[in-house]
Structure formats: structure tokens, C-alpha cells
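Both of the next two complexes hold subunit A, though its partner changes from subunit B to subunit C.
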Partner chain A sequence: MPATARLSSTIIGTSRASPSRSLPAFRQRCAYHSYDYAQPPPFPPAETKILSSAYAHVPEHGFTIDALKLGARDAGYLDASTNLFPRGVFDLINYHLVTQRLALKDSVQFPEAKDGKEIGVGRKVRSLTLARLRANEPVLHRWQEALAVMAQPTYIPPSLHELAALADEIWFLAGDQSVDTSWYTKRATLSTVYSATEVFMTQDTSKNFVETEQFLDNRLQDLQTVGGFMGKLGEWVNYTGHSTINVLRSKGMRI
Partner chain B sequence: MSARILSPQTLARSHAPLLDFLAPRTIPSRTSPPSRQRQQLRRRRHHSTASPVGREASTQNHAPTPAQAAASSLAPPTNAATGPVSNASASTTSPPTSPRTTAPVHQLTPTQRAFLSSALRVNQTGELAAILIYAAQSPLLVRKHPHLRPLMKHMYDQEAGHYAFFNRVISKHRIRPTAMTPVWTAAASLLGWSTAFLGREAAMACTEAVETEIGTHYNEQVRVLLDWSAKCSERGESLGPELESLVAELRRIRDEELEHLDHAVENDAKEARPYEFLTEGIRAGCRGAIWVSERV
Partner chain C sequence: MQATRIRIGRQLLDARTSVGRQSVRGFAASAPRGVKEPPPPPQKDAQDGTTHFGFETVAEALKEQRVRGVFSSVASSYDSMNDFMSLGIHRLWKDHFVRNLNPGRNPLTSPSSPDAQKGWNILDIAGGTGDIAFRMLDHASHINHDAHTNVTVADINPDMLAEGKKRSLQTPYARSPRLRFVEANAEKLDMIPDNSIDLYTVAFGIRNFTHKDVALKEAYRVLKPGGVFACLEFSKVENPLFNAVYQQWSFNAIPYIGQLVAGDRASYQYLVESIARFPSQEEFSGMIRDAGFLIPGKGYENLTDGIAAIHKGVKPA
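So, the complex of A and B:
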């Protein structure tokens, strides 16, 4: 394990501005999550201060180094303290991604049971995804810039990690309990749906983003169709296989 | 023999810092060829596996040991020291109720979290493989040897319970399941079917090999967790109710796995031909699967 970690850090480290922060974050994701103590905050206190005040400048100045500098000043630090963020603008974007992901837990509450019936996991996933998309609203007019920064080759791996973490968070909060291969397919498909919808949303001019909602519903519908078909196919193969073996056994074959 | 092992004097004499009474050193001797040792072990274990009552009695016997051990040699005088351990041994059935509120809960380091993730992932995969092996063996075995039906059902039911437990743990603690599930499913089914096809002895040798590896693996985890617990209590921290009940569960599950091992030996696992080839091959396969599942 240390060997592979070292290997990956040397490989990724060459292509990334600062591997030091994102690698432990990556390793911590999907690691044992304890309920016995409060989770530590995602960023150290000084960084949190600067980033949160810089984030307030984003609607006006966009995801730029200017916003970071203004934020540092507001928080009572020198302009030079933006050196805390070797990845510059991407750190500001990352702050938005991480805080909004962690905010989902509190912003979306599901009623315990409605008419003695639980809300389905699919519906929960839908409302969580919508809530996360709506969290982009305040910075939406600047979001394309952010997407452009995230698409820079250096920042693609951390962006994808964050996307995967979001998908994991949504499925976890929705109460999904799968522990087989579908754990992976669910997260992968939700990631693609989410990123497609996010891009669609930046160009959505409809009132209250009804078109985005429609777009999301259509994608989720597609997923359900494909997923349902695969599930039925698996069931059929399983059933046929078992009955074949049982028929052969009943004929006296020693298998 | 069990009395000798379990007595506090013996525990105090051995200088091992961790005094888990079924530490792995008993396991190799259980599978290594010397037949006298084997006989002794069988006799020793026999009473514990003969009946549910006997088993209950044996767990009752085992239960106080870690606490005694803690009292005898771990024994930092703070209350926190005995807290987790006595908790773990308190009962295999009831989850511990609000243990220590005084000691602060230890925050897991990234390394510890990584260890827990890979260990629990392996456990879940292992139990999946175990139920598949038993499910594949049962029809063939029971047809030839109807008297094995209750035993196979008993072992299968226990494994299914373990599997459900680890599924819950994995999804609750947000641990990534192994990506190799389809591979392990196919491999385990094939292993179960082919050993049952070879006959009762081969099937039991398969059980013996698998349960040996699984037992060793669980033992390692219990040891590591007790080690953390001891270090935490030295610092005046506690490991937290979650991990303490996990230790208790791991012990219970390990004991059940070792019970399966005894059942296999009682059912002539040693008569399998070629015995060495079968068990060593299967054990190597298990170790490989564990190695892979810890990572992927």
C-alpha cells in the first residue's frame, strides 16, 4: 500500500501543481467513517476564513485571483497570503465544491415516513441532485469560467475526485445500501448525469430552472430504463441457469 | 488445556503486549500436520462444538479472559483501560450500552481509517465468498450424505448472518465495496462446486482451508483493534463505542468461523486426497484474494 501510494503520488505529482492537499483527501474519501466524533472541518481555520470571505466576492469578480486577494484583505490578511493557495483560483472553486457538497447533509431533510411509506431512493437522489444544482445558483453566471478552470489538465484529477465524492455523498444521503458492483455503476452514472445537467444549467434561461429540472428528470428516467433492463436480464440469466442445473440434477446427473 | 491457556498466570507469564486468548499462534498448529496435536485440539474443541449449550458454555469460559488479561498485565490503573476490553468481552450477543462517557473518543488517523476500510472490505468479501461456497457445496454433498444437511444449513445460516452484518457495517461507515465482486462470486461458486464434486472429504478440506485463513484474518484485526484500544487508554482516550462493539462482533464471528473449522476436521477433512495440495492451494488462493480485496 505505501508503495502504490508513493508510486501514484510521484506520477500524479509531476502533473499537478500541489499534490500535497488533494492526495490525502482522496485517500480519506471512502475510508471508514466514524460516528463517534464530529468530522474535522475540510479546511484549516485560516484558509477557511480567507476562502469564505473570498467566496463572497465571487458573484462580482468571478472565480479569479482578485476575489481571493479581496477575500484575504477582508479577513485581515495580506494580499501575499494568497500564497496559501498554490492552486490559486482552483482552490476557490474547490472550496465551493467541497462546502456545497458537505452542506447537502443539512440542507436536504427527508420526512421520516409519509403515510407509512418511505420515500424511494430514486426520489431522494433526484431531490439531492436538484438541491446541489441549485446551490450553484448564486455563482451560476460565473460557473462557466469555473468549469473552464476545472477542465485544465492539471486540475482534471482533483475535479473528478470531487465529482466522485459528490456522487458518493448523494447516494449515501439517499440511503442506498448497495455493496456490490452496482455501488460503482450507480456512482459513475450519477456523476455523468450530474455533470451533464450542470453544464446544461449554465445555459438555462427558463424561469426557476424548470428546463434544468426537466433535463435532469429525463436523464434519470433513461438511467432507470437501462438499469431496469440490466436488472431483469441478470434475473433471467440467474433463473435460467439455476433451473437448468436443477433439471439436470433431477435427471440424475451428479453435478 | 483450555484451562491452562486461559489462566491468568499463563497470560501474565507470556510477555506479549496483547493477550487475545486465541491469538494466531494457535492457528498454525491447528492445521499443521502433527496428528497428536490435532487430536488434542480436537478433543479440546470438541466439547465446545458439540451442542449449542456447550458452545454457550465455552464462550462463557472465554469471556472473562481478556478482562483478566487486562487486569493482570495491561492493567494501567485507570478505569478507561478496562472499559473497552471488558466491554468487548462482556457479551457476544448484546451490544455494549453507552460505555465510557468520561474518556474522550480517539479520532482515527488516516492510516487507521485506511486499515479499517480495507479490513472490513475483506471481511465482507470473505463472507460473500463463504456463503457462495456453502451454497454451491450443499446440494451435491447433501445428496450423497443426507446426514450433513443440518450441518451445512447451520454453517450457511451463520455465514449469511455474518454477511448481513458486514454489509450493514460497510454501507453505514461508507466503505467502498470491492470492485472484484463478480470475479469472487464466480471463483467462490466454482471452488465450492468443484470441491463438493470431488467428495465429502475434499469439500471439508476446502472448508478447513478457507476458515483457517479467515480465522487468521479476523484474529489480526482483533489484535490490531485491541492494540489501538490499549494505546488509547494509555493516553486517557477511549476507542469509542463503535469500535468497541466491532471488536466484540469480530470475536464472535471469529469463534464461529473456527467452529466451522472444527466441524470440517470432524468430518474427515484430513482424509482428502491430495490433502496438502488441496488445502495449500486453497489457502494460497484465499490469501491472494485477501491481498487483492484489501486494495481494489
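So, the complex of A and C:
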């Protein structure tokens, strides 16, 4: 692990050294996690200022252009300044998605391994996913609007991208180090579970979202069941295949 | 006679430049027949006081005059020519441009504080015929229910302004305080105070300016902090295949249409040459950034694969 960190820091070091233009520094997306360097803020300063003030208006005005305009005014800008956001309302939703995703690593802390027994990756994934879902709580009564905007054809690709980034963040923070095809299947399945639970949560009226928690547990349970079944099926197919070939060989077939 | 001499001279110049570039030019980059390659930009542009007028190089003092000449001669047939040249698409571009800017302050959804100013102050540069101005006012009134947003139409050319005034009589805004026409050079807007404008627009005008950087600085001066600079202008087509078709259209068809419809080939020859001369999307959004503006997203939005592009900048607060 330290070796990878050192490697990534040298990579960063060289890229920092190369002359970079002022603006794209913000647009640059780090494709890996660095332990040594703080990540650059996800949005440029002026945008951050307007979006964070606009975000405060979301519980009342929803994810709308009105919230953006009010935010711009609070930040000392004009109504017209909302032209800074080419995607309009979606940029406000994206702000919520990105900031809440990045907040995960500070909001969820796992205790150090006690008496040699560490918390399992599965448990970590569960608590991280729940923490991310709870971050939707302040805007939950407006979240269906946001989902509707995200489902517009133009915004589906960036929304899916953000979902993938979230799944990746959760697996990374849970300490997953898989380097085979399960890297993909883990992220894909977590994405589907997360989005299903998120939609369920918008309809949840139970106290402290116990039903959402139950729903999430059931989905994760399903995954384990299906995953276990697939594993066993694979084993069976493998064994039966080999046996068949061996039987045929023993009968003198040239395979 | 004069014209033929100029044309021969230009062809000689073209031949020389194309010989010089032959070694590095790839197959895809070869110019289609009948399309003139723009000559390389003059090296010392600022020092010797020349600029380009289409593909010609003229003294800076002369450009303003000649641009004025071009637009005086096309003012009366401006609209029908635009329709012929762009097959009517320029209306869609302008509608999209205005809808996207969403001018006007909706009194129903925005809580009114007593000190807050009602409506936007819009400055439409090079908007002589009022194309953009009327759309802005319509959008503010009908979409945002805003009866206070006002537009100042500025143009360097009195003939274009006269055309706009004439057309404004058919709109509800004639003789209302919401619409005002001034004759002004975009590089020197002395009648507009500092920090007074919410939205500065220039549609199909900025490529005719002698000093684009000076005009951008002036836009920065008149805009309020947080104010928006928005520019709709011809740009570079990104798909090479479509570009080949587009170049044929603009260099062969448009001057010909100009000759047929407006009886003025030279002005439309200038038009297509000035489009070819205008900087690419990235270069121009770089110029906007250099003037001090914040660039939203990548800074521009292509229309019809880049035949036109919308550039925006926001003055930092």
C-alpha cells in the first residue's frame, strides 16, 4: 500500500511540475486516490460560491432555476449570472451529488481493528451506503424532482457517470482491493442497489428510515444469495465440464 | 478593372501560400476547388496599423469605414438575405440564444426586495435591425412576465439603426422606454456608465470589429459584477466532411445569392471572408477569458456543428 501511494505521489509530482493552464486545473479529474495530496476542489471558486448559496434554498424552492437565482443573489451575483451554469438546474443537482460523494470519506470513520478482528468489507459497504443515503435527507422531499431531471436524455450519461463514481468511492473507502473482473461486477451491482434504494427512500415515511435500511439489507442479502448461487453454479459447471471431458478421453476420444 | 486586378493579385498570393504549405498539408486538409485559402495573418498586426478586411489587408482606420459601407449597402435586404443564406436557420439560432439567456426577472417567483432593481438592463451591440432586441423583450414579457427589462440597441451604422427603428414600429415596444437606439462604436461606449449592464449581447457583429480585444475590455467595463457577456457568432465547423460542403456553400453560393437578391456581390464576398477569418471557438473563448471574464463550462456552445457558436463570459463579482 505505501508503495502505491508513493507511486501515485510521484505521478502527481511530475504532472504538477508540467506547465498547466490556470483553468483546467479545476476540470482535471483525478482518476485515482492520493494519500499525500489534497484533491483540488471540484468546482471553481465563483461557481462554488453561487452553488453553495443556491443549495441552501433547495429545501424551500427545490432543484429549480429559482433556487439558483436566489443563490446567485446571495453570493453577490446577478440573476443573469446563472448563465455561468450551462446545464442550469442539473449543475445544482450535480453539486449535491459531487459534494456528498466527496464528504463520505470524512463523515464515515471506521474504528481501528480491535483485537485483531477488522470490520468486514461488506459491513463497511453497508454503512457507507447508508451514510450516503442519509445525506439526501435534507433535500429528500425534493429528490424526485432531481431524479426526474437526471433522467432527461441529455443528463443520463453524466448522472450514470456520477453513480459509477459513487460506487467506486464506496468500494474504495471500504478497503476493497480486487484486481480482477469482480472489480466491475462489484461496482455495477452496488450501483443498481444504491439507485433502487434511493428511489425507495423518496417514498419512505417510516421513522428514521428504518424501512429504507431494511430495504437496503434485503438487496445486499439478495446480492449475496445470487453471488453465492453464481459461484456454486460456476463450480458445478467447471466440475461437470472437466468430468465430461475426462470421461470422453477415457473412452479414447482425442480431445 | 480595379476589381479584376485585386482578384488576380489575390490569386497570386493564394498560389504562393499554397506552394509554401504544400509539404505539410495532408489529404484531408486540401482545400476544395473554388474555395480560397485565407492568406496567413500578417505578422506584425498591431505595429504597422493594419488589420484584415475579409482576406484583404487594410489600414485600421479604413476597416471601420469599409464595414460601414458593407452594412449600409445590405441594410434594406438584410433579413431576406439572412434567410436565403442560412436557409432560415439563423432564426432558430437567435431564438435559442435568447431562450438560453432567459432574460427578465419574474416578479412571481423572485421575492421583491424594495432596493432590488426591476428587470434587466440589456445592451445589444451591433443589433441595428433589432433582431435580438425584440426577441429579448418578447421573452422577458411573455415568459418571465417582466414589464421592466429594457434593451439598448447600439450600432455603428445609422442605416442599420434606421432599419431597426422602422421595424420596431410593428412591435409593442416602439416609443416605450424599454427600447432605445444609440449610434455607438463598441470599442468606445462613452454614453454607457461603468457597472450598469446586466447582459451584453452581440449577435453576428463581433467579427466586424477592428479591435476585438478593446471591445471585450469595454464590455467588461460596462457590465455589472456578475453581468453576462454573450456572443452569437459564426465559427468553425468541426466535422471535416460537413466543413467541405459548408465551404463550398459559403464561398460559391452565398456571394452569388448576394448578387441575385441584393445586387451586391462584394459585400457578401466580404461576409464569407470575414467568417473564415474569425478565430476558432477555443481561441475566441480564450480571448474572452483574457479580458477577465469567467468562462462557463468549456466556454462555448456549437450550433449546427459549429457554423455558429454561442460564447459566454461572466464578470466576476
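By definition in this document, the second predicted complex is superposed on the first by the 195 of 255 C-alpha atoms of A that agree within 3 Å, B and C clash if a C-alpha of one lies under 4 Å from a C-alpha of the other, contacts with A are read in each partner's own complex, and residues count from 1 in each chain.
Going forward, a residue touches a chain if its C-beta (ideal position, glycine included) is under 8 Å from a C-beta of that chain, and two chains touch if they have at least 3 such contacts.
Computed from a prediction, not measured in an experiment: that's the story for all the values here.
Shared-chain residue A:D79: touches subunit C; no touch with subunit B.
In the superposition on chain A, A:A46 makes contact with subunit C only, while subunit B stays out of contact range. In the superposed model, A:K69 makes contact with subunit C only, not with subunit B. Once the two complexes are overlaid on the shared chain, A:F110 sits clear of subunit B and of subunit C alike.
Touch criterion met: A:Y35 reaches subunit B, while subunit C stays clear of it. Of the two partner chains, subunit B is the only one touched by A:Y184; subunit C is not. Of the two partners subunit B and subunit C, it is B that touches the larger number of subunit A residues.
In the overlay built on the shared chain, the residue A:F200 is in contact with neither subunit B nor subunit C. Across the superposed pair, subunit B and subunit C touch subunit A at no common residue. Subunit C makes touch with subunit A in their complex at residues 100-103, 105, 109-111, 120, 198-199, 224-228, 230, 289, 294-297, 301, 312, 314, 316-317.
Contact residues of subunit A toward subunit B in the complex are 1, 4, 24, 27-28, 30-37, 40, 168, 172, 176-181, 183-184, 249, 254-255. Those residues of subunit A that touch subunit C in the shared complex are 23, 44, 46, 65-66, 69-70, 72, 75-87. Contacts from subunit B toward subunit A in the complex involve residues 105, 107-108, 110, 112-114, 116-118, 120, 124, 139-140, 143, 167-168, 170-171, 173-177, 179, 181-182, 193, 197, 240-243, 294-295.
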